[in-house]
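The following blocks contain the structures, represented as C-alpha cells.
Next come two complexes, and both contain subunit A; in the first it sits with subunit B, in the second with subunit C.
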Partner chain A sequence: MKHWWKILGVLLMIYSIVAGLAIPLKPGIYDAITASKAITGAPIDIVAVGYLTKFDNTKDDLRAWLKVDNEHAIASTAIKVESESRLKVSFDIPNNLPSADKTVDAALIIDSKKNGYSIFPSAVFIKNTVGTNSAAGWTNAISNMTQHQGMSFPYRNILQETIRNLFYHVPLWFGMMIIFLISAINSGRFLKTKNSKFDHKAASYASVGTLFGILGLVTGAIWAKHTWGAYWSWDIKQNMSAIAMLVYLAYFVLRNSFEESEQSARIGAVYNIFAFVTLPMLLFVIPRLTDSLHPGNGGNPGFGGEDLDNNMRMVFYPAIIGFTLFGAWMANILYRLKAVQQRLLDKAFHSA
Partner chain B sequence: MKETISYIFTFLFLLTQNSLFAQTAHDAFMRSNGKIYVVIGVLISIFIGLVLFMVIMERRLKKLEKELNENG
Partner chain C sequence: MSFTSQIFHLIKKEFVLEWRQRYALSGILLYVLATVFIVYSSFIRVPDTAWNSTFWIIIVFASVNAIAKSFIGESGNRTLYYYSLMNPYAVILSKMIYNTLLLLILCLLCYAAFSFIAGNPVQNVQLFYLILFLGGTGFSITFTFISAIAAKSKNNATLMAILSFPIILPILMTLINLSANALGMIKDTAYTNDILILIAIDLILVGMALILFPFLWRD
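The block that comes next holds the complex of A and B.
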C-alpha cells in the first residue's frame, strides 16, 4: 500500500474535525452581573451567568467565593438558583480590605458537584470606603474543588468555543514548518546533484507551505477579531509571520525572473535554504523578545496547563500529523504535474 | 504571479482597515453561542484555501492538455 500516508493524513484530519467539534467544553461562568457597586461593609448580590451549566436547586451542593488573592477570600452567605444557567450569589463584604489599595478586583469562584468548579476573573471591583486595611473577615478556606466529570475541553473566558481553533489554526503553522523543511532539504539535494527533479520538488513544497502560511494568517485574523478585538493588531508574531510569507513570495518571484531555467533553479535553491533559516528567527525568536498577544511569547505563559489539557492534546497532535501529511500529498500532486510538464518540454526540445 | 501578489497585498491592507469590516451585527452573530461561529469561519477559510489549490492545479493541467493537443 503505497498510498497509506495519504489515507492516514485524511483520516487524521477527519478525526481532528469530528473530535475537535464534538467534544463539549467544561461548564463555565460566562458573565457576572452586579446591580450595585461593591463597597466594604455592605452586602452585594452577584448574578453569575453560566455557559453550558446545569444548575439545580435540589440535587446540587453549590458553594461560592469571592477571591482577592491566594490568601484572602470570602464565602457566600446565600446562593439562589434562578435557572439552569443563572445563579444569584450573595456576599457580605467585610469592613476592611486585605490590601492597602483603594479598590481591589475579586474573582468569583463557583463550585458545583454537578458542573465542576469555575472561575470568573475580575467579577467585581470592591471599593474601600472605610480606609483601613486588615485581613479581618477574610479567609483562605477554599478547598475541595470539584473536577468536572467526563470528556471535555477547558472553558476559558475570552476564548470560549474558539479554543477549538487550536486544532485548525496552529497545525497549519506546524505543518507549514515541516513542509518548508522538506522544501529546503530538496533545494539542498538539487544543489548537490544538479537534478532539476529536486528543484521542482522544492518549489512544489514551498507553494503548499506558503498556502498553509497564508491560511494561517487568515484563520488567525478571524480568531483574533473575536478574541483580541481586531483582525490585525500589529502583534509582533502576526507581523513576523506576514514577513515570513513575503520572504517566501520573493522566492517565487526570484525563481520566475530568470530566462535560463538552470540559473533560476540554482539561485532559487540557494534563496530557499536562506528563507528557511530565517523562519525560526521570525516565528520563534523575535516574538519572544517583545510583548505579544500570542501565548508563549513576550512574557505570556505558553499554551499549557489550563489552556491545553490532555484531552486537547489527543486531538491537537493528530491534527498536526494530519495537516502535514495532507500538505505533503498536495505538494506531491503539484510536483508530478510539474514533472510531466518538464518531460513534455524536453520532448519538444529534442524533436525540434 | 503578479496578480496573486497584488491580491495578497490588498488583502493584508484590508485586514488592517478594521473599520471596513466593523459591523456590530456581524460581531454579535460571531460571538453568539460561545463564539462557535468563529471556529466555523476558520474551517470555511481553510476549505476555501484548499479549493484555491484545486483551481491552481486545474489551470496547470489545462496548460498541459493544451500543449499535448498542439504538439502531441
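The block that comes next holds the complex of A and C.
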C-alpha cells in the first residue's frame, strides 16, 4: 500500500469536516437584557437569552448568580422561565460594592443539571449610589457547578458557532508552512543535484502552499467578519499574511521571467529558499511587535484555555495532519503533470 | 590572493568606479534632496508620525535605486573575469560592505536634509543613529542579494521591486517601530528586544545570502 498516506489524508479531512460541523456547542447565554440600570441597594431583573438551552425542562434545579470577582457574588432571589431560551432572573443588589470603584461589572452565571453552567461576562454594570464599599451582603457561595453532559464544543460569547473555524483556518496555515518547507527542501536538493525533477517538485509544492495561504486568508477574513466586525481590518497579522503571499507570487513571476529552463529553475530555487527564511519573520515575528486583534499576537493570549478543550483537540490535530497530507497529494499530482509534460516535450524534441 | 585581500581589492574597485562615474552617487544624493522637498511641500508642517514613515519610505526607495545597479551594472565580461579570479563569498561580501557604507552616507544625508527642511523631532539621538546603522545594514544585505537575483533577468527593474519589497518589510516594520521610540512617539522601554530582532534578521539574511550566492553567480 504505497498510497496509504493519501487515503489517510482524505479520511482525516472527511473526519474533521463531519465531526467539526456536526458536534453541537454547549448551551450558553447569548445575551443579557436589563430593563433598568443596576444600582446598589435596589432589585434588578435580568432576562438571559440562551443559545441551545432547554430552560423549560430544568425548572427545578435552576440556579443563578451575579459574580463581581472570585470572592464576591450574590445568588438570585427568583428565577422565572419564560421559554426554553428565555429566563428572567431577579437579584437584590446589596447596599455596598465590594470594591472601591464607582462601577463594577458583574458576570451572570446560570447553572442547571440539563444545560450545565454558563457564564455571560459583563452582564450588568452596577453603579455605587451609596458611596461606601464593604463586602457585606456579598458571598462566595458559588459551588457545585454542573458540567454539561455529552459531546460538545465550548460556547464562547464572541466566537459562538464560528469556533469551528479553528478546524479549517488554523490547519490551512499549519499545512501551508509544512508544504512551503517541503518546497524549500526540494529547491535545496535541486541546487545540489541539478536534477530538474526536484525543481518541478519545489514549484508544485509552492503552488499548493500559495493556494493554502490564500484559502487561509479567506477563511480568516470570514472569521474576522464575525468576531472583529469586518472582513479586512488592516490588522498587522492580515497584512503580513497577504505580504507573505506576495513573496510567493513574486517567486512565480521570477520563474517565468527566464527563457532558459535551467536558469529559471536555479534562480527560482535560490529565491525560494531565501523567501522561506523570511516567511517566519512576516508571519510570527512582526505581528508580535505591534497591536493586533489576532490571538497570539500583540500581547494577546493564543488560542487555548477555555477556547480549546479536549473535544476540540480531537478534531483539531487530525485536521492539521489531514490538510497537510491532502495538500501533499495535490502537489504530487501537479508534479506528475509537470513531469509528463516535460517528457512529452523531450519526446517531440527528439523526434523532430 | 587571500580572502581578506580579495574583499579589500573588490571594495577598493567599487570606490574607484564610483569616483570615476560620480553621476551615480550625486544622482542618488539629489534624489534624496528632491524627495525630501516634495514631502515638505506636500505637508508644510510635517507631523511626527508622517516624519517617521516618510523618512523610512524615502530611504527604502533611495536604497533600491542605489543598490539595484550593484549587480545589474556589472557587464557580462566583468562577471566572467570575477568568476575566474575570485571567491564568490568575497564578491558578495565586498558588495554588501560597500553598499552598507553607501547606505549609511545616504541615511545620514537623508537625516540631515530632513532635519534642515522638515524639522528634527528625534529625541533619543543615540538610539536613532543605532537604528540608522542597523537599517542601512539590513537594507544593504537584502537589496544586494536581490539585485544579484534580478540582474540575471531581462526586466530587472520590475523584478528588483517585486522581489525585494515584500522581503524588506519585516526589517522596515521593526525600524519604523524602533524609530517611533527614538522620536518619543511611543514610550516602550523594551526596545532592546526590537534591536535584537533586527540584528537576528540581519544575521539570518547574511547567512542565507552567503550560502546561496555560489549557486547564483555563475551561468
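Everything below uses one rule, namely that the second predicted complex is superposed on the first by the 345 of 352 C-alpha atoms of A that agree within 3 Å, B and C clash if a C-alpha of one lies under 4 Å from a C-alpha of the other, contacts with A are read in each partner's own complex, and residues count from 1 in each chain.
In the analysis below, contacts are C-beta pairs under 8 Å (C-beta built on N, C-alpha and C of every residue); 3 or more make two chains touch, one makes a residue touch a chain.
The shown structure was predicted, so the numbers you read here are calculated from the model rather than taken from an experiment.
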Partner chain in contact with A:Tyr168 - subunit B first, subunit C second, else both or neither: first
Which of subunit B and subunit C A:Gln263 touches, first, second, both or neither: second
Per-residue touch tally on subunit A - higher for subunit B or for subunit C: B
Which of subunit B and subunit C A:Ala244 touches, first, second, both or neither: second
Which superposed partner A:Val130 touches (first subunit B, second subunit C, both, neither): neither
Which superposed partner A:Met151 touches (first subunit B, second subunit C, both, neither): neither
Contacts of A:Thr290 with subunit B and subunit C, given as first, second, both or neither: second
First, second, both or neither for A:Ile17, with subunit B first and subunit C second: first
Partner chain in contact with A:Val277 - subunit B first, subunit C second, else both or neither: second
Partner chain(s) touched by A:Trp223 [first = subunit B, second = subunit C, both, neither]: first
Doubly contacted subunit A residues - partners subunit C and subunit B: 253
Subunit A residues touching subunit C - in the complex, by the definition given at the top: 191, 240, 243-244, 246-247, 250, 253-254, 257-258, 263, 266-267, 269-271, 273-275, 277-278, 281-282, 285-286, 289-290
Of all residues in subunit B, those that touch subunit A in their complex: 1, 5, 8, 12, 15-16, 18, 21, 27, 30-31, 33-36, 38-39, 41-43, 45-46, 49, 52-53, 57, 60-61, 63-64, 67-68, 71-72
Subunit B-touching residues of subunit A, taken from the complex the two chains share: 17, 21, 25, 30, 51-52, 159-162, 164-165, 168-169, 172, 208, 211, 214-215, 218-219, 221-223, 225-227, 230-232, 234, 242, 245, 249, 252-253, 256, 330, 333-334, 337-338, 340-341, 344, 348
Residues of subunit C touching subunit A in the complex: 145, 149, 152-155, 159, 162-163, 165-167, 169-170, 173-174, 177, 194, 197, 201, 204-205, 208-209, 212, 215-216, 219
